[in-house]
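Given below, in the form of structure tokens, are the structures.
Consider the two complexes below, in which chain A is the common component and chain B and chain C are the respective partners.
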Partner chain A sequence: MSILSLSHISLTIGEHRILSDVSCSVDQGEIVGLIGPNGSGKTTLFNVISGFLAPTHGTMHLQGSDITNISSSRRAQMGIGRVFQNFGIFREMTLEENVLVALEALPKADRMQRGNLRKIAGETLEMVGLASHAKQKAGSLSGGQMRLLEIARTLMSGKEVFLLDEPTAGVSPKMTQQVADLILQLQKQGKTVLVVEHDLPFISHVCDRVIVMDTGKVALTGKPEDVKKSKELRELYFGADPTT
Partner chain B sequence: MNFLLHIIATIAMGAPNILGFNMLFGRGKILHFGPLGVSIVAAYATFLVVMATGSYPLGIVCGLAATCSISAFFAWLSLRLDADGLGVMSIAMHLGLLAVVLNWSSLTRGALGIPRVPRLPFLDSTGDFALLGTCVAALWAWMLWQVDRGTFGRKLIALSEHEWHAKSLGIDRSRVHMLAFMIAGIGSLLGVLQYHQYLYLVHPSDFGFPAFIFFVTVVVAGGPGSVRGCVVSLILLSLLREGLRFVPMSPDVLGPLRLILFGAILFVAVWLRRDTLFPKQRTV
Partner chain C sequence: MLPVAQSRGSALRGVLLLSPVQLLANALIAGSLAALIAGGLALVYGVLGVFNMALGQLTLIGGYTAWWLHQVAHMSVLFSVIGGLLCGALMTWITFEVFVRPFYKHHRFLPLVTTIAWSMILDGFILLAFEERPRSILSEAKSMISLGSVLISREQCLMIVLTIVALLLFAWIFHCTSFGRKLRAVVQHESAARSLGINSAILHRVIFIVSGMFAAAGGIFIGIDQNLSPTLAFSLTIKAYAAIIAGGKGNIWGAIVCAYVIALLEQLLVGIHWFGAFYVPAGYQQTVALLFIIVILLLKPSGLFRSFARTA
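Let's turn to the complex of A and B:
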């Protein structure tokens, strides 16, 4: 069953066409990789889905509801979570406050159901091995720790669809494995994940399906093993098929 | 003794407004430079009604309605303008409102101000004002400290650090800004309600640019966003301002000298806090 669907999404800024007639749908519990060369429109597509950029044409549906004209904060409350490319944590806050602020932004009914938010924040930090830093300013963490904190915070906020923008950028191989485990854990809970990555082995490891983007369009879609073998992908990444 | 009570009263009566401004400008990093514009509306709406009807409850209700309206307008501007645009626009609004009260003489008596403002029955002496002002300021500071450390404070910090990141968590910027401006507006009203009774006068010169410079200096020197720092800074700078009265100089020299001194303090404070004062622009 499709949880998120995009229909003929286009975005023009000034005279530049950034996205062109992008249509796709993602099923509940699916992990979909979004790959493509720099400037192909992957992050812009995430910005459109999150509600930070309004599409020039097209519509978007989340769990059957039209979200095309809904604000970004409302979309987040409806179940879209986002992990940013450049660490979406708040550096002036402590680690505990970083998790708390996400939990406190949930709809009231959800907050009431969860009970003690401070306890949940502690458990979240425990999950990623950062509990001992709970009272420390988040700005003092390493890049990898910031990434783990951000992902853990997003996971605990109980969203239905997760948009992860290069979650392994600047992260050590050990932490990359931790990130992969967290994503697979989400799938077990029936959550849906869209992940933008340049790390193809990572994509092959975690994704059920891959969408390849080029110049704002969907160039290719399929299972990771099929896409990896495709001539089009090699041409996109290397300029020419290196096997020929 | 009376002078000491006068100093306590003036510090305490200024605290609610400055603490509200500290929440917006210091904690929220919202470049709102019109807190005295809100004070103008709060003061004139309240005391014009009080003078016309003789009823304080009615005056306070009208003052509250006018304060909420102008605060909502500033909040609306903050949601629609970039940080620098809001800074310029809020200064323009402040000056515009000041021009209105100065020139709409048939209503406001222009540069003459509103004299013979009546006092509430329980406010008679300087000591009464010092006591009430201190109680109100302490309660207000405690309340804002709680707000700052709570859910609302965290949302405000999140928005000040990165709007998109905060929104992606579900934080509603419109609601947070609207509430923050309302709280600051009520702080203005609490201040003007006491101060102009104390003086028996509402005068346009109380809302001029020097007063605004004093506000900014207090917030920046105290550590933007810090309730405790802001209170300490308000006390010290008020003592300095009042202490200058005893310098044996002619008022013609002392007035400009005071402005230069506060300008210099502001310059040094901004220089020292330049890394934390203004919102850092981060890209996605």
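Let's turn to the complex of A and C:
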């Protein structure tokens, strides 16, 4: 069953057409990789889905509800979570406060249902092995730890769809595995994940399906192993092969 | 012991020989006023990344409203003060809705121009409505308290205490409550805060209005301690900006500390015989804030404390 669907999304800023007639849908519990060369519109598409940019044309639906004209904060409350390429953490706040503020931003009914938010914040940090740093400022963490904190925070704030923008950028190989495990754990909980990534082995490891973008359009879609073998992908990343 | 000089304080204090402790007390009074205005302004800069150049005029409107309610409408001091705060909040809300909100999404420097225009309109309005004559909220003579070598009025004591209470209350809200955490989240990474479900648009509005109430409180303090005059607006704005720039842009506590430092430097400049029998004329007091910014920016361009530049 489709949890998120985009229909004919286009975005023009000034003279530039950034996204052009993008249509796709993502099923509940699916992990979808979004790949493509720099400037192909992957992060822009995330910005449109999370409500930071309004599309010029097209519509978006989340669990059947039209979210095209809904604010980013409302979309977050409806279940869209975002992990940013440049670390969306609050560096001057402690790790505990980083998680706490995410829980406190939930709709009142959800907050009441969860009970002691400080306890949940502690459990969240425990889950990613950061409990001993709970009272430390988040800015003092390493890149990998920041990424784990951000993903765990989004995970615990009860989102249904996760938009992860280059979650392994600036992360050590060991922590990359931890990030992959966390994403697979999300899937086990029935969550849906869209992940922008340049690391193709990582994409092959975690994704059920891959969408390849080029110049603001969907160029190709399919299973990771099929897409990896495709001539179109090689051309996008390495240019046309003159021998063929 | 430091040399002494003639005070330029309120007419009620008359000619005083200033001891170092009296200089500090005067700095505490002037600093409390500046801290209220600069603290609110720093918060606005931290959250929205915009400058409100009509701040000095909004400060005066708070003061003049309290004056009008007490002296013309004959309301009690308490109701006049509440009226002044509410009018300051209302005018700040109008400033936000008409002169800031439609513009800052396009470019955060646009409100710099629109609020300068608004400040000029308000200058004209203040001059028309309240005239150029000095206005004091309290007409009766102030009772002075002598604390050792320090002479201070009851109203000034109250002003210092209320400022400290307001700042402590604000510190508690900012650091220990859910609202404060959301506010800090928006200051530090607005996009991330929005993606968690925090409605930053409401916070922007609330913060702008709170800063206006702080400024109005400053105006009321001026009207109680000294005299309100339409020409004060510019120097109030400049002092507040000096404090927030020197304190590290967006750093509220840095701005508050710098507001007190500037007030102390002002008192030291005019309160001491720096050149034997010659002292610096009181008119030069206004230049302290500007010199302070220049020196700080030369030595430490990012400000004395860490700048909380907006991430997104």
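Here is the rule we go by: the second predicted complex is superposed on the first by the 240 of 244 C-alpha atoms of A that agree within 3 Å, B and C clash if a C-alpha of one lies under 4 Å from a C-alpha of the other, contacts with A are read in each partner's own complex, and residues count from 1 in each chain.
Please note the rule applied: a residue touches a chain if its C-beta (ideal position, glycine included) is under 8 Å from a C-beta of that chain, and two chains touch if they have at least 3 such contacts.
What you see is a predicted model, and the numbers here were worked out from it, not measured in a lab.
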Check: Does the chain A-based superposition show chain B and chain C clashing or fitting?
Finding: clash
Next item on the list: Determine, under the contact definition given at the top, whether A:42 touches first (chain B), second (chain C), both, or neither.
Entry: neither
Next item on the list: Would you sort A:105 into first (chain B), second (chain C), both or neither based on which partner it touches?
Entry: both
Note to self: Contacts for A:85 in the overlay, against chain B (first) and chain C (second): which applies, first, second, both or neither?
What the structure shows: first
Notebook entry, point to check: Given the touch rule stated above, what does A:50 touch, chain B (first), chain C (second), both, or neither?
Noted result: both
Notebook entry, point to check: Considering each complex separately, which residues of chain A are in contact with chain B in the first and with chain C in the second?
Noted result: 50-52, 71-74, 76-77, 81-82, 84, 86, 88-93, 97, 100-102, 104-107, 157
Notebook entry, point to check: Tell me, which parts of chain A touch chain C in their complex?
Noted result: 50-52, 71-74, 76-77, 80-82, 84, 86, 88-93, 97, 100-102, 104-107, 153-154, 157
Note to self: So in the complex, the part of chain B that touches chain A is made up of which residues?
What the structure shows: 151, 154-155, 157-158, 161-162, 164-173, 282-284
Check: Hey, which residues of chain C end up touching chain A in the complex?
Finding: 178, 181-182, 184-185, 188-189, 191-201, 308, 311-312
Next item on the list: Write out the stretch or stretches of chain A touching chain B in their complex.
Entry: 43, 47, 50-52, 71-74, 76-77, 81-82, 84-86, 88-93, 97, 100-102, 104-107, 157
